[in-house]
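One structure, as C-alpha cells, below. Some questions next.
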Amino acid sequence: MSPTPMKLLTVVAEAALERRLTADLAALGARGWTIVEAHGHGRHGDADGDMLGGGNIRMEVVAPPAVVDAVVTHLRDVYFEHWGMIVFTHDVDVVRSEKFKG
Amino acid sequence: MLSLAAENLLSPMTLAFVLGLVAALVRSDLKLPAEVQAALSLYLLLAIGLKGGVALSEADPSAVVLPVLATLVLGVTQPAWSYAILRRLGRFSRVDAAALAAHYGSVSAVTFIAAIAFLTAAGVPHEGFMPALVALLEVPAILVAMWLGRRGSTPPRDAEGGGGLWHELLAGKVTMALVGGLVIGLLTGKSGMAQVEPFFVDPFKGVLALFLLELGRMAGSRLRDLRSAGVFLILFGTVMPVAHAAVGIGLGYMAGLSAGGAYLFGVLAASASYIAAPAAVRMALPEANPGYYVTASLAITFPFNLTVGLPLYLMMAEALYT
Amino acid sequence: MLSLAAENLLSPMTLAFVLGLVAALVRSDLKLPAEVQAALSLYLLLAIGLKGGVALSEADPSAVVLPVLATLVLGVTQPAWSYAILRRLGRFSRVDAAALAAHYGSVSAVTFIAAIAFLTAAGVPHEGFMPALVALLEVPAILVAMWLGRRGSTPPRDAEGGGGLWHELLAGKVTMALVGGLVIGLLTGKSGMAQVEPFFVDPFKGVLALFLLELGRMAGSRLRDLRSAGVFLILFGTVMPVAHAAVGIGLGYMAGLSAGGAYLFGVLAASASYIAAPAAVRMALPEANPGYYVTASLAITFPFNLTVGLPLYLMMAEALYT
Amino acid sequence: MLSLAAENLLSPMTLAFVLGLVAALVRSDLKLPAEVQAALSLYLLLAIGLKGGVALSEADPSAVVLPVLATLVLGVTQPAWSYAILRRLGRFSRVDAAALAAHYGSVSAVTFIAAIAFLTAAGVPHEGFMPALVALLEVPAILVAMWLGRRGSTPPRDAEGGGGLWHELLAGKVTMALVGGLVIGLLTGKSGMAQVEPFFVDPFKGVLALFLLELGRMAGSRLRDLRSAGVFLILFGTVMPVAHAAVGIGLGYMAGLSAGGAYLFGVLAASASYIAAPAAVRMALPEANPGYYVTASLAITFPFNLTVGLPLYLMMAEALYT
Amino acid sequence: MSPTPMKLLTVVAEAALERRLTADLAALGARGWTIVEAHGHGRHGDADGDMLGGGNIRMEVVAPPAVVDAVVTHLRDVYFEHWGMIVFTHDVDVVRSEKFKG
Amino acid sequence: MSPTPMKLLTVVAEAALERRLTADLAALGARGWTIVEAHGHGRHGDADGDMLGGGNIRMEVVAPPAVVDAVVTHLRDVYFEHWGMIVFTHDVDVVRSEKFKG
C-alpha cells in the first residue's frame, strides 16, 4: 500500500446549484466528485429541503492541491456573495493517486 | 353565494391545507416525505394535462384561437404592470421587483386545479382545454420579468446565462409534465384515457387534498417571514390577485369563453407561481431576496386565493355573465 | 367462528404481513422505501380519522359521553396495572417497567384499523365514532407511564424535559393525523367526504395490505431479539392483550356500545402502541431498553393480535352480547 | 392489425414511456424519485402476482403441467443459444456473452405486464396463471448463463460465491414480490382479492403508465451508450426477441395454451430482464461490461418490444392459431 | 485565497436526537451545521432507519477550536451513556473564516 | 476531554457492494461504520441512482491505523479492478477511543 497525499475539498451549497457546480468542477480539472443530499443551518437561515428545493448538497472532491486551489478561488469569486455555501479543505492519503490527477 | 364560499372553506381540500398550516405552526413532525410530495406534484400535473389534452382532441380549433391570444396578452402585460407597481409604489429594487413580477405574471397550477375542483362542485361547466392555457401562461411571464430585471445591467458573475434559463423553463418539470400530459391526452383520446381513469381521474381530489396538506406546511413555515415582508407586500399579495382576476375574467369574456371558462381564466391571472418561478428566479436573479417572492406567493397569495379568491372570482364572473 | 378465524388468517392483509415477515427472515431486499412507508402511514391515519369524523358529525352527542369516559378510565388504569405486574412478577427495573406500561396502556392504530376491516368482512355493525377514541386513548397512558417511571427520581441529564414530552405527544404525527382527519371529517361531513372517497375509502384495504407487508418486515427483523427478551415477556405480550381485551369489552358493554363497538373497544385496550410510544419513551426514558419494549410490542403483541386476537376478541364480545 | 399497432403506440402507457425518453434527452428534471419508483415496481409485481395467484387457485392443475415444463425448457435453452450466438457471431468475450445471455434468457416482468394490458385492450382471452410462469422463468436462465460464463475458470477475487448468487436470485425483490403475490392470491382466493381490488386492480394501468415514464427516462439516459455498443448488439437486441417470440409461441402452442396464452408465452421468451439480471450479473460477473448488457436490454430490446414487438407477436400468434 | 484553520466536528448519532442536538449547538455558539441522513453499525447494533426511526444522522460543524471543545464536552457528558453516538474532530482550512466565528 | 488519535477511512463505492463491504469490515476488525447514500462521477462515468441501482454509498470507518491499513489493502486487492471505488484516509481525534478498538 502506498498512500499518496492529496487534498479533499468539501463544499456545502444550495442544491439548486448542483448542475452548475459539477460543470465548474469538470472545467477546472477535477476527475470526479461525490455528492450527498444534506440540510443544515447557516447565515442564510435553515436550509431544509421541501418541494421548492431549499435543501443543500454536500460535495466532495479529491484532487491535487493545484486543482483544489483553483476550484476554491472560483467558488469564492462566483458564488459566495449571493448563495448559501461553505467550503473547507484538508489533506488526505489516497490509494492509486493516478485516479485523481488531471 | 355565501353558501358556496362556506362550502369551499369546508371542503376537504381547504381543510387539509389548514391542517398543514397548523402542523407547521405547532412544529409537528406530521409531514409527507419530500419524495412523495414530488410524486404527488407530478401526478397532479400529468392528470390535469391528460384531461386537458383529451378535451383539446375534441375541441373545435377555432374556439381555441382567441383564448390562446388572450393568454399571451396576459403573459406580457401582467409582469409589466406588476413590475411598475412594485418599483413605483413598493419602492422595491429592480431585481426584487422583477422577481415578484415573474411570480405574479406566471401561474400556479395547483390554484388552477383547486379552481376546477371548486367549479365542478358548484356545477358550472367550462371549456375542457383550459389546462393548455396554464402551460402557455407559465413561461412567457417569467421571461418578460427576467428581461425587465436585467435590462441595461451586466449580470453578476453567478447569473445563469440565457441558455440556462430557457432550458430551465422549457425542460423544467412543471412544463414537461403539463405539456407531456396534454400531448398524451391529445394523442390517446377518450378511449385511451378510459384505461387510466381509475388512476388519474377518480382519486384526483383526494390526492389534491394530501398535496395541499403539505403546501399548508410550507406556507405555515414561512408565515413568520411575513413580518419582514412588510405591509406593502401583504397588500400587494391580496389586492393584485383580485385585480388580475378582474382583468382575466374580462379578457376571457372578450375571447368568447363561457362563464366557467372566464372564471378559470381569471384564476389563471390571479394566481402566482410558486414552483416554476422561484426556481427560475433563484438561478437567473440570485441577488433577489427569496424572503420577498416566496413569502408573497406561497404564504400570502396562495392561501388568499384558496380561501377567499376562489368563491369571490366566481361571483365576479357570474356578475359579468348575467 | 373458526371459519372467521381462518378467513382472517387468509385475508390479503394478514398474508401480506406474513410475506413481510418471511422477507425479513430470508434477508430479502423486498422493501418499501421508508419515505413511502411514512406516506402510507399518514394516509391510513388520515383516512380512518376522516371516516370517524364524518360519523361523529352525525352521532348523537349523548351516545359518545360514556365511551369517552370509559376510554379515559382505560388510559389511567391500564398503564398502572401493567406497571405493577411488570415490576412484581417480571422483576423489571422501574424504567423498563414504565416503558413497557406506556406501550400496553396506549394503542396501536393499525391493529384498530385491521379490526375494522375484519369486522366489516364479518358483517358486524359498529359505532362510527370509534376512531375518535383511538386518538383519545393514545396519549394519556403514555403520560401516566412516564410519571410512574420518573416518580421520586431525578431525570438523567439527557432526559427531555416535560415540555418536550407534551409537545412530542400532542404535536406528534400520529395524533396530528388522526385528530386532523377527525376534525376535517367533522367539518366537511358526508358531502365533502364524497369528493375524496375514491382516494381515502375505496383503496383503503389495499393500502393497508401494503403497509402490513412492511410492518411484517419490521417485526421479522426483530424476531431474533425474542431470545434476549425472555419467556416472561413473551407471556406478558400474549396474555396481557387478552386480559385487556376482556376489560375493554366489559367496559364497552357498560358504556352502552353495540357488540361491534365493544369489540373495537376491546381491541383498543388489547393493542400496544409501536409508533407513538416508542418515540416518546426513547426521548423521555432513554435508560429503558428498546430491546424489551419494541420487541414486545411489535414482534410479539402485534402479530398475536393480528392473527389470534382479532377473531378471539370477537368471540368474546359475541359471547357477552348473546 | 395495423390499427392494433397504432392503438398500442397511442396507448397512454406507450406515450408515457416516450415522454420519459424525451425528458431524458432534453435533460429535464421531470423525474419520479427513486423511492417512489421502487414502490411502484413493488406494486406492479405484487398486483400481477395476486391476479395470477387467484387464477391459479381456480385453474385445473393438469392444464398447468405442460406450460411449466415448456417454461423450464425455455429457461435452459434460451441462454445457451444466446451465448453461442454472442460468442461465435458477435465475438464477445466469455463473460460478456454470458452476461447478455442471462438477460435474454430471463424475463422482463414489465414487458409481460404491458402485454397483458395490450391483450386485454385487444379483447383476447388468456390463461390467468401466466404470471406464475414469469416467476418460474426468471431465475433458471440466469443460473445457466452464470455457469456458462464461469465454466473452467476460477472466479476473480471479487466474484460473489455461489451461495450469494442463489440468495440474490431467490430472495431478490422481483422474485419475492411476484412469488409472494402469487401465494397470497392462491390462498386468499377471489373473495379475499375482492377486498383489495380497488387498490391492486382498478388503478393498475395508470400506475403502469407512471412507471413506464420513469423507464423511458432510464432508457433515454442510456441511449448515448448505443454508439459504443455497436451494430451487432443493436441487431441482436431486435432480431433475437422476434426469434425468441417465435419459439415461445410455438412452445406455448405445443403446451396446449390458448392463442392469448401462447402470445404471452412468446412475450416471456422475447423479453429481456432489466432488473433481476443486471443486479445478479454485476455481482457474479463483475468483469462483464454493463455498457453492453444494460444498454441492450433496457435501451434496445425493451423499447422495441413495447412498440413493435407487442403487436407483432400477436400477429404471429394469431397466424399460428387460425 | 487565504485559508484559515478551523476545527471540523463530526457527530454520528440517533436521528431522534436531531432537534435536541441542533438546539445544543446553537446554545454553545456554533454558527451553522450540516446534516445528512445515515445508517450504520456500532455498539448499539445496526442503526437502520425504518418507520420507527432507528436511523442515524451525520452532523458536521465547522467552528473555532474553543466552540468545538465545548460541544464535545457537552455531548460526552449528556448523551454518551444512553444514546448511540460517536464524535470525532480534525483541522480544516476554510475560506472566509469570519463566517464561522461566534 | 482526552481526544485520542485514530484513523478515519472513507470509501465511496457502488451501492450494490454494501452487504459485501460491511461483511469485510466486520471480518477485518472494524467495530462500527457509518453509511450515507451518494451519487457522483468518476472513471466509471456518472453514478446516479435509479431503480437499477447505479448509485453509490459513502462509508466511513473510525479505527486504529492497523485495522484501517488492513481494510485498505483488502479493498484495493479485491474491488479496485472491476468496481467503481475510491478510498482515502486521514487522522482524527476521537472521544472514548476504547469504542473503536478491536
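Here the chain labels run A, B, C, D, E and F in written order, and each chain numbers its own residues starting at 1.
The rule we apply is simple: a residue touches a chain if its C-beta (ideal position, glycine included) is under 8 Å from a C-beta of that chain, and two chains touch if they have at least 3 such contacts.
Nothing here was measured: the structure is a model prediction, and the numbers come from that model.
A.B. asks: Going only through chains that touch each other, what is the minimum step count from subunit C to subunit E?
C.D. replies: 1
A.B. asks: Name whichever of C-D and A-B has more C-beta pairs touching across its two chains.
C.D. replies: When C-D is set beside A-B, the one with more contacts is C-D.
A.B. asks: Counting residue numbers used by both copies over all numbers at the interface, does the subunit B-subunit C contact come out same (over half shared) or different (under half)?
C.D. replies: Here the answer is different, because the shared fraction of interface numbers falls below one half.
A.B. asks: In whole angstrom, what separates the CA-based centres of subunit A and subunit D?
C.D. replies: One centre to the other, that is 40 Å.
A.B. asks: Please report how many Å separate the Cα centroid of subunit D from that of subunit F, as a whole number.
C.D. replies: 35
A.B. asks: Whole-Å distance, subunit B centre to subunit F centre, using C-alpha means?
C.D. replies: Those two chain centres are 46 Å apart.
A.B. asks: Counting only Cα atoms for the centres, state how far subunit A is from subunit E in Å.
C.D. replies: Taking the mean C-alpha position of each chain, the two centres sit 20 Å apart.
A.B. asks: If you look at subunit C, which of its residues touch at least two other chains?
C.D. replies: 33-36, 38, 202-203, in rising order.
A.B. asks: Where in subunit E do residues touch two or more other chains at once?
C.D. replies: Correct list: 36-37, 90.
A.B. asks: If you go through all the chains, which pairs of them touch?
C.D. replies: Contact pairs between chains: A-B, A-E, A-F, B-C, B-D, C-D, C-E, D-F, E-F.
A.B. asks: Taking the touch rule as given, give the residues of subunit C at its contact with subunit E in the complex, in rising order.
C.D. replies: Counting only subunit C, the residues touching subunit E are 34, 37-38, 41, 156-158, 160, 214, 217-218, 274-275, 278-279, 282-283, 286-287, 294, 298.
A.B. asks: State the interface residues of subunit A toward subunit B in the complex, per the touch definition above.
C.D. replies: 14, 16, 20, 49-53, 55, 77-79, 81-83
A.B. asks: In their shared complex, at which residues does subunit D touch subunit C?
C.D. replies: 33-36, 38-39, 42-43, 46, 50, 167, 170-173, 176-177, 180, 183-184, 187-189, 192-193, 195-200, 202-203
A.B. asks: Could you list, by residue number, the parts of subunit C that touch subunit D in their complex?
C.D. replies: For this pair, the touching residues of subunit C are 10-13, 15-16, 19, 22-23, 26-36, 117, 121, 202-207, 209-210.
A.B. asks: So in the complex, which bits of subunit F are touching subunit E?
C.D. replies: 1, 3, 6, 8, 22, 31-37, 62, 90-96, 99-100
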